[in-house]
Amino acid sequence: MNPEYSWLLAAIPAAMFFVIAFAGRYLPRGGDYLGVAATGASFVLFFALLPDFLDVFDAEAHVLAVAGSIEWSTIGDFELRMGVFVDPVTVVMFAVVTTVALMVNIFSIGYMKGEPRYYWFFAVLQLFVASMLMLVMADNLLLLYISWELVGVCSFLLIGFYWEKRSATEAAKKAFITTRVGDVGLLIGILVFWKETNTFNIQEIIHMAEGGQISETYLFVGSICMFLGAMGKSAQVPFHVWLPDAMEGPTPVSALIHAATMVVAGVYLTARMLPVFAVADHMLLIITIVGLTTALLTSAIAFAQTDIKKVLAYSTVGKLGLMFVALGSGSVTAAMFLLMTHAFVKALLFLGSGSVILGTHHNQEMDKLGGIWKKMPITGTTFFVATLALAGLPPLAMFWSEDELFAAAKDEWGLWALALAMLAVFATGIFMVRLFIRTFTGQPRDPHVYEHTRETPAVMTGPLVFLCVLSVLSGLVVFHGVGTALGFPGGISEFVFQHEPHRYEIDWALAIPSVLVALAGVAIGAFVYWGNDLRRSTALANAQPRAYDLIRNKFYFDEAYQYVIDRGVLGFSYLTSWFDRYVVNDTGVNGSAEVTGYAGSVLKLFQTGRLPNYAMAIAVGVIGLALAGLWLRG
Amino acid sequence: MERDYTLFIPEFIAAGGAVLVLAAELIYPKVRKDYLAYFTAAVALAWGISALFYIGNTVGNFQGVIQTDNFTTFFRLLGSGIVFVVALLSAQYMNRRTKTAGEYYGLLLLAGIGMVYMAAARELITAYIALELLSFSLYVLVGYLTKDNLSTEASLKYILLGAFSSAMFLYGMSLVYGITGTTYYDGIGAALADRSGDTDTAAVVGFMLILAGVGFKVSAAPFHMWAPDAYEGAPLPITAFLSTASKAAGFALILRLFTGPLAANADDWKWAIAALAAITMTAGNLIAIQQKNLKRLVAYSSIGQVGYMLVVIAAIGYGDRDTAQNASTGLLLHMVGYVCSTLALFTALTAYYNRTGKDTIAGLRGMAETQPFLATIVTVSLFSFAGLPFFAGFTTKLFMFQGSVTDGLLWLVALAVANSFVSLYYYLMVLRQVYLFDPEPGMSRFSVGPVLWVTGAALTLGVIFIGVYPGPVFEGAERATDPLFGVGVDAVDHAAMDHSH
Amino acid sequence: MVPLENYLVLSAILFSLGVYGVLARRNAVLILMSVELMLNAVSLNFVAFAAYLDPDKITGAIFAIFVITVAAAEVGLALAIVIRLFRNRATSNVDEAATMKW
Amino acid sequence: MATEVLWWIFASAIVAVSVGVVTARTVIHSAIFLILSLCGVGAMYIFLTVEFLALVQFLIYGGAVTVLILLALMLTRGGGTVTEKLNGPQAPFAAAAGVALLLILTTVAIDTAWPGDTDDLPDMITVTPISEGLFMDFGAPFVIASVVLLVALVGAIILARQEDD
Amino acid sequence: MTFDEAQGYVVLATLIAPLAAMLILFFVPGEQKTAVRYISLFFATLMLGASVYIFVAYQFEGPAFSVEGHGIQMEFKRAWVENTAFLGPGGITLRLGVDGISALLVLLTGVVAFAGTLVSWKLDYRTKDFFLLFWMLVAGVYGTFFSLDLFFWFFFYELAVVPLYLLIGVWGSTRKEYGAMKLTLMLVGGSALVWIGIFAVFNEAGLGTFDMPTLWAAGANGTLSPEFQKTFFPFMVIGCGVLAALWPLHTWSPDGHMSAPTAVSMVHAGVLMKLGAFGIIRLGIQLMPDGADYWMPALMVLGTVGAVYGAVAALTQRDFKLISGYSSVSHMGYVLMGLATMNSIGITGAVLQMFSHGVMTALVFLLIGALYDQAHTRDLKDFGGIGKVMPMWVVFYSIAGLANVGLPALSGFTAEFHIFVGTFKTYPLFGGLAIFAAALAAAYMLRMFAIVFFGPFNPRWSSLKDMTPHEYMAGALLIGSMVVMGVWWAPFTDRVAATVTLLPGMTS
């Protein structure tokens, strides 16, 4: 098959969106099978196309992408083209998106069973998949922005799926507006680059940026603005606040959108534009610092969360931060690798938590759970594997990707970056183990919940198992042998790269500390929470009450924003409304009308009704005119 | 032709009709009053039809004092038309309010004649006498409701102020006569042109006094103060007559005077007209905002309209000959539109008043429910006054102002447009009563008599016709102004020149 | 001989007095009388101009005749109205005939 | 010379009685002053050698108009109560307006270069040009004037008649 | 009759249709409400069909497209008044025709008028009078878009304002008298300025004709001197700007919309406001290119202030219609910005935005009307969880709202994107501010969604019914327009841009 057919990947789910949206409510089971079929088709199609892609890609000949576009509109010499651009980065994204999407679709059949607006859920899910696929294969920033907004809307719709709940509505609103603020930056960035290069085509922009055809100021401003968009989408500090709240959405949505795919759009964008950013002054450092700050800050917050999904959400934000660190270190390889492994692991964790939630009849507070491993063996086991994988233990998937990251960070920035990144990994180990222990082991906190807990059906556990396998194995693609065996030119670092491919080799000087850090995290977590016993952790919290308070309240980000919104934005709005009413309207508009009316009421007083006064007016008129006439004549 | 009495045939008809009407009641006192009205209307019709025969490029001149040219014909048609409509309006209205109506209709016709000769006069004495003929008739007609205090009061104010201002007018004419030695327009024009450049205080002051006289007639501020009171006190149809015929006649006189004899001395008066125009439109429109009585509202609104029309006269002073004719053409067009709209409005108001006895703005409350047809007429005419499109006012104002625009006068036109905008407010205040409120309890739907219905419908259609397709009237107006500017006039009888040596 | 200007000034004085009278008086008949004064001034003006400047045709004198005629008629009509007013309101004070205003 | 003296005497008298017209305390006094003033103006016409007009003046004004006014005064009982002030509150302003107008008109009279000989009068103006003008040249306004008189007549009757209520 | 002439008659027929509807309705007894409705619907369908035809048949390339003719096609020409007084040959002609810009706006008019007719189906108070005036309004709008003669242009421009006072005053709600009066006066005040400008232009050009293309040529070749243009450009632009809610002359918009009945709001916000912007193109850019050159930066500032100001003010409003009113101010601010860029992208964007805002805001007012008719309140705080009883209503409103926010795949994005691009080209800083305002749009829209549509259901509203079939049809039509333009905008940009690139003083 011709690789240019890759647009079909998006077209299939998009078409299915319309079918389900309009006809879903009349179909048996809301047409959920159509959803599965659509994502399944995309999944299959992708793997059918993959060999063709690989055939075309030829590093030697510097052919690394498939591109094709059509003219969309023309205004004078302002031509807009829409097209697809598939390179290894896209291929990775395809793999992640189609795989996770399929799993989530299948899982949702079980999870969403019996929910109102069941068909609507699947419809929007298809729209999301389509948009996400379009996003990653867009060859120009305009199409990218369009898809970018569409995934945002899908996210909004799905977060607010349970719109009867005030909190869900608020969360959806928050997510949309927060990312929208970032989007302002993205759009400005796009337009700044357009102004300098007269094109939206990403490759052309990169080419011109590397050729020094973009002035430094514009390059910097454009890059910063664009990166703001990435930060918003990928929930980087200070835009991270929306993601934890987004957990109000159905759990499969959290898995797909808020863990595996949409939130990594920012990472994808940065990876895509990295050659441009790299040319801009200080941009890489900024990216790195933002990534590290996010990773550390959110890891800290995760300690004090008791909601399973919130913990996972913060961990997601942290991992996204690490991806940015990788990008900031100039390593697209590490970022994309991390992205992929994280997607599988985190999707597994979310789906696992979804399984727990459904199995325990909608309980997601750790304080009510505990000891359910026995009741939910498959879920528990897969969750356990994923926990260890996320913690970065070898040979599970994320170990390898983090290893790449560490190497890149060390190469680019030296030890400080490495140390901070490892600190984040260390923290992950602790709170992930805390999460697992408090959820699955020890004595049940709430016997009533425990009593009713049971394992979920196969339609849900199936995807768990599949993803579990991926979580274990997907890291191995780093090896040359595994890569070639799969038909790739080699390991992932020989496939996805920015400047030169390199063959992965284990650097023990890095690997050993990495393993130790991960182990230490897991161990400390296990020590503190062993047996789901909270005494030690409570003591810890009491020892440093102010620090605990700080992380418990998420560093008061929400409160600060609320303050700014209430006092700043809304205050300004009230001020403007007041100004509009009382100054512009009542004074300016009504005022001038009143002045006119008042002038009339004064003037009419001359009309006294008395004849001598009237005669006087005539006389005065004549005298005035005559005097004026004489005066004018000189 | 020294004494061509055929030139007067239309007015002979009218005057004869007037005498018949006057006599009819003397001979047969029990004659139905509305028959008199219809007879008057028929006379007016005959008058107008006979006037049609004078359309053309030939100019008839009676000893240099009266000229029957297209301009005169225009005002004959206008005058007879106004008399026709006013007579129809009066039929029912006067029937209830007076026992002797013969004089009323007779004077109406005579007033019309006065109007025509104001337009036809080419000599000051004639103009003065014609003006007094119109004025005298109106003094009586305004005060015709002798038992009505307001009517008498209005009449008293009108006649005393009228006499006062005509004294001013006469003094001005005497000064002009003093420096020119003649009363013929052509002679005055020639004499003034000879003297132009001198510092003639007499000319300047004379012009101003004349301005006061004609300004009073057309009710230009500050000579306008009689108007609201006279309008309010007068019988409703006479209010209509006052606001149409009286003004039209005044402007006819002004046009003859200011485009002809006084044109050479434009520098001496143009600023005054511009100032009067500005004051008049502003005062009229601003005071109108505060009115409660419909007749007074119309009075002030018509004062505002006079302000717009004076812009044209100012343009005659400021612009060149072409501008002068364009502006005058616009003025005549606007006059037709304004007359149609005003008469339509008064048709509706008369019909409404006959039924309800209400002439305040608030009295129109719920008119859209009780009489939608009348409400439509009111709406159309008020929108036409406000210069909204589809109706005459828009087109005629646009043409009039466009014709008047010269570089030096744009400010005045702008002021006029601004005033026209202000005027919309009080017209809307009337429509607010008509449409936005339910009728007072006890008011039910009623029907309008066929005469007023047809009159109103015809006038409304006229307003719309002029508003949408102004071509014919505009062309007619231009033909009417031709004689003023000596365009296309083949057979000007220069007899007048002989008198002016 | 008496120059033209003398007549003109005399006329101006009469006219101004008439104007004063119209403005100052409040009895309708008195106002009317003041107007007559003004009209006389006008006539004087016309006749003076006619005699000095237009002795052949003396149009001014003819104008004066018209003015006198009209003035007489005006007086008649105005007095009729004053009488009407007096009948209706028992006054000829114009300040009291001020029902209509504003 | 004698004519001039006489003229000045007459002129002063006219001004004096005219002032009387507008300042008299009673309406009747005013009316009598008005008759005198009108007759004075008639005399002026004689000075101007237009005797015919003087005649008209004496007849119409001195006769008809004053009779009308006196009749009206009787009908309106002197125009109200006798004690009533005849001057309105705006009298001072009226005086100012009168003075201003006087100044303007005097300026006009003196300042203007009148066309022709302003010092010389014809010896005698016969009635011929007047009649010619009135009946020949101005025949049309003459006719209209007759209609004006008709209107005034009819109007006066209508307005003044006593309608049976 | 050639094909082109025949098309001219299509244009004429489109203009006459509403007038014919008026005429026929005038003779229908007021009690026959159903007949009135069906007659109106018939004419509305006719107009919609003709509008679509005109839009589709407009040739943006090939032999039919003439650069010399300013891209004007489907001309209809009849002498009206000429060779009289100041009017020379061709003084006033009934000259109709469309260019790419007006073709789109004609389409908009057809769509919105049709939708407005459907929405007014349940109007039961003086139905006949309502439709009579409604068609007058529509006739004015069509006429303005078609007219190529300054006299008729202004004639129709004013005609569109005439019926508004009564439409709002009689059939309106909330403070209708005040809103109607203010709206009418402000609009007429604006056109008074235009009027003065027209007088001055005719006088200065001295050509004795109101023919627009002739006058455009005069503006381009210096017959209207640059000094003159600089003096009178503000008259035209401020005058038209009032109708386009130019800040700070916008306050009629919130109040007027708050008071107006549904269909009037739709046509008014949907189409009438565009007349103002259209006027700026016709009388500003095309007639006075030098003036435009000189003044456009100022318009850019005002447009930007309006865009931000409207969005900020909308953030805390509590009345649906006030939100839409201020949002209109904001969106018309974008239009003005687009026009002020003076480059083909920006102006194309502005024209697209006129269409987009037209259909979007028409839909919004349709929906508000549908709710208000039942609930008799428009206070956001009164509602909650409406999605439970009016799901389709919520879906429609959400789509309209998202278009408002500038969401891709809906028309708002297409338009705003072009405006942003155009603005960035000339005024990057203002472009940034505009994008910021677009983000605020998300804030006020979502705030409203959150309060009204979602959240716990307020049982007070359990009797609310979802949209009627008529509203449904109207809404679907509007949404269809939005989606087509949002996804496949080439048909729109092609037509508009073909004309826009011919405008004088255009940078590409």
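Residue numbering begins at 1 within each chain, and the chains themselves are lettered A, B, C, D and E in the order written.
In the analysis below, contacts are C-beta pairs under 8 Å (C-beta built on N, C-alpha and C of every residue); 3 or more make two chains touch, one makes a residue touch a chain.
Nothing here was measured: the structure is a model prediction, and the numbers come from that model.
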Counting one step per pair of touching chains, how far is subunit B from subunit A at the shortest? 1
Moving only between chains that touch, what is the shortest number of steps from subunit A to subunit C? 1
Any chain in contact with subunit B as well as subunit E: A
Report the most central chain, judged by the distance from each chain's C-alpha mean to the global C-alpha mean. E
Taking each chain's centre as the mean of its C-alpha atoms, give the chain farthest from subunit A. D
Hey, which pair has more contacts between C-betas, B-C or C-D? C-D
Cα centroid separation between subunit C and subunit E, in whole Å? 64
Where the centres are mean C-alpha positions, what is the separation of subunit D from subunit E, in Å? 69
Counting in whole Å, what is the centre-to-centre distance of subunit B and subunit D, each centre being its mean C-alpha position? 31
Cα centre of subunit A to Cα centre of subunit D, whole Å, reads 102
Subunit C residues touching 2+ other chains are 8, 15, 18-19, 22-26, 28, 31-32, 49, 53, 57, 59, 62, 66, 70, 73-74, 77, 81-82, 84, 94-95, 97-102
When you check subunit B against every other chain, which residues touch at least two of them? 125, 128-129, 132, 136, 139-140, 143, 146-147, 152, 155-157, 160, 164, 168, 171, 175, 178, 181, 199-201, 205, 228-229, 290, 425, 499
Give me the residues of subunit E that touch two or more other chains. 185
Once the touch criterion is applied, which pairs of chains come out as touching? A-B, A-C, A-D, A-E, B-C, B-D, B-E, C-D
Inside the complex, what are the residues of subunit C that reach subunit A? 19, 22-26, 31, 94-95, 97-102
Okay, in this complex, where on subunit B does subunit A touch? 156-157, 160-161, 164-165, 168, 199-201, 204-205, 207-209, 211-212, 215-216, 221-223, 225-226, 228-229, 268-269, 271-272, 275, 283, 285-291, 422, 425
Which residues, counting only subunit E, touch subunit A once they are in their complex? 182, 185-186, 248, 250-252, 254-255, 309, 312-317, 344-345, 348, 385, 387-388, 402, 405, 407-409, 413, 417-418, 420-421, 424-425, 428, 431-432, 435-436, 438-439, 442-443, 446-447, 449-450, 453-457, 489-490, 493-494, 497, 500-501, 508
Subunit D residues within the subunit A interface of the complex: 88, 90, 93-94, 97, 100-101, 104, 107
If you look only at subunit E, which of its residues touch subunit B in the complex? 30, 80-81, 84-86, 129, 136, 140, 151, 154-156, 158-159, 161-162, 165-166, 169-170, 176-177, 181, 184-185, 188-189, 192, 195-196, 198-200, 202-203
